[in-house]
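These notes concern the structure reproduced below.
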């Protein structure tokens, strides 16, 4: 079981309120991602759930029981830290065994679980090494192994992939997703990378300055962002925002259109000059100037499109995918 | 990361150290200040009347005081000059590729671990002695007249001994700092056409500036208090030729048993040291934030 | 990274560096050699370098005449004792400041350091009088107290810089893993802190062993450690170079060896972390 409820949880550091009263429900077995720009309070929120920080007000319930005052060790949660936080003086085996040793798990059971985790995480050959002798990806797996063997009610991940290089990050992302499929345990995952959020989450919580901006599945957030912030944060490349006359024509203060919903079309209503075209093979991203709509418009076009710097192109938006926002930046339904 | 509970525990854990140091600082300091305004001589028991600034005017107008101040400054500056310049040069040399670097390093830093009384006595007797010292033998071999270092140039000789003790410290710190210099910087400068000399002045030396400052400040703190080396070599003499402030205060208090004047001298020494300390603390404090 | 240089260049560097190294080390070497000579050979002209009759008699004489080992033992008790007591007080303080830093932690640290800047001569008189009146003069316990206090700031600082390098996340991980304060200290903190504590211990024993202001001023025959005992050789009493050398060699040998082991920590400890 691993159902976590935050009820008006507040956190203040001195005078500064970093998390204003916040309500959130995380269902059992759900993969929830907290995402937001740095300083948005997502890590603080995770640490409040972990019990590493005291809440200033409100209540945290784990499986219906009030855990607000429970010390971290007794909340039944496991955490994977950004720096992995492996114990440098212990072998991989001892690192993984540590939480079980603390919990007084019998030796043979410890052994069984270590071997299970090592096998699942491809660590069998490294069990007697020290963390210092491992690569970044291996350390990451040890940290995950240490979390798994506790069989926790929920896993907490604090930006676990940010110290890995790009290729490894993609691999670990898949591994963590697979782990979730296999274990079906609640996972809460903090990241500033919206790609990680989109690819892994069942439920995304977008945070800004301690406020929850929107909660929903990746596709909900993609299809109907509640406001300008979420619209700009979710999706890559970023949504194009257009203000002024063109927006007025759609009865909105601001309209947004994603790069993938604009196409190069000789009969399109918009036009501009190509500043940079990035040919990725599968796609081409065009950065277009002089549209008269916004500074730079990003457009995703077909992979083998033959346009270059300085070419003038005409563009056509898919009007059914247009997002409209009012003066407060809120979505107009 | 802290919770309320851990803060309270932290305070309890810090307090013994704070209380002890506070006592160590305030009680003797208060007593020194108090004594410095009394006529108080251990050889003349009885009332110790309050005499205001008399001890200070006596101490400050004593010709020995002026000599001591000059000697203190010469000692500090002389040693600093020798150790910093020597330290930079030796560090520069030790940073070059060579065979047996580790062993040379060990040889160079060894004098720092020799206790002051030993180094002073070894130099005094086995090197500087005008009859049996190695220098005397050397001078004789060269056909020169023997030179009585500690009688004819007492302060310079002490500067030499103290420099020998502190040269390793300066070298070690400067070498450590030098090794943290990114070699790509030097290679970039080389590509830019900088000569070795230019590289030294424009890249190495600025990189060392901070370490040199630290060396100067820390050594100054210790050099202001040089004592054992003087005590066992010259006893401050001949006359007051090699008396520094520390030795003068010692002589007033524990040789002439004049507690009042000695205390006044102690206060003067504290003020002097504090001027240096303020600069040093700023440097270290800045580093704390980094 | 050292760049490849020509063997010629490397040979010149080597010769130069070894020359300077041996020159600087020479007084120590000469002391050690002299300690194995007879008094007559010690002052021979021209000086004898290696071609003399090696003897151990000076070591025997020094012990017989002056009960050398009592002073040696005083040095051990005073330096080790003051360092251990200092650690006992400083470990909790440094731990708290490194892991539970408050708004005033930095000020407390700086203030502690400032007590180290106090010139000893400024408090010589009161300490001397207090010691005289409490019977601590010329006692080992008295010196242990003084050396503990004067080295406490350095101990706190060194430990603090070491502890601060232990990432806080590791301690949090231990807490998440179910470790209570006791297990956290026992299984995680202590093993990680041991190297730092060991080098602090080493450096402070060295500093206390060589301390030569308080040891000279507060002791006489009884509690005199080696610093003070060696100083008694300053009054000329005939030919005694070989014996002085023997006494000196024994006084500096243990510290020289410890010092060589701790050279890396030395930089850090003596610059209060300002140079690493």
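We call the chains A, B and C, going by the order they appear; numbering starts again at 1 in every chain.
Methods note: contacts are C-beta pairs under 8 Å (C-beta built on N, C-alpha and C of every residue); 3 or more make two chains touch, one makes a residue touch a chain.
In this text, all values refer to a predicted model and were calculated from it rather than measured experimentally.
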item: Per-chain CA centroid nearest to the all-protein CA mean; value: C
item: Chain at maximum distance from chain C, centres defined as averaged CA atoms; value: A
item: Length of the line joining the C-alpha centres of chain B and chain C, rounded to whole Å; value: 16
item: Separation of chain A from chain C, taking each centre as the mean of its C-alpha atoms, in whole Å; value: 53
item: Computed distance of Cα centres, chain B from chain A, in Å; value: 57
item: Multi-chain contact residues (two or more partners), chain B; value: 1
item: Chain A: positions in contact with at least two other chains; value: 52
item: Chain C residues counted as touching two or more neighbouring chains; value: 172
item: Touching residues on chain C, where the partner in the complex is chain B; value: 1-5, 9-10, 13-14, 16-18, 20-22, 24-25, 27-28, 30-31, 34, 43, 45-47, 89-90, 92-93, 95-97, 99-102, 106, 108-110, 112-130, 149, 152-153, 156, 168, 172, 206, 209-210, 212-213, 216-217, 226-228, 230-231, 233-234, 241, 244-245, 248, 251-252, 255-256, 258-260, 263, 266-267, 270-276
item: Chain C contact footprint on chain A (complex, rising order); value: 50, 52, 71-74, 77-79, 81-83, 85-90, 98-99, 102-103, 146, 150
item: List of chain B residues in touch with chain C within their complex; value: 1-2, 6-7, 9-11, 13-14, 16-18, 20-21, 24-25, 27-29, 31-32, 35, 90, 93-94, 96-101, 103-127, 132, 134, 137, 140-141, 164, 167-169, 172-173, 176-177, 180, 183, 210-211, 214, 218, 221, 224-225, 227-228, 231-233, 245-246, 249-250, 253-254, 259, 262-263, 265-267, 269-270, 272-274, 276-277, 280-281, 283-285, 287-288
item: In the complex with chain A, residue positions of chain C that touch it; value: 167, 169-170, 172-180, 183, 187-188, 191-192
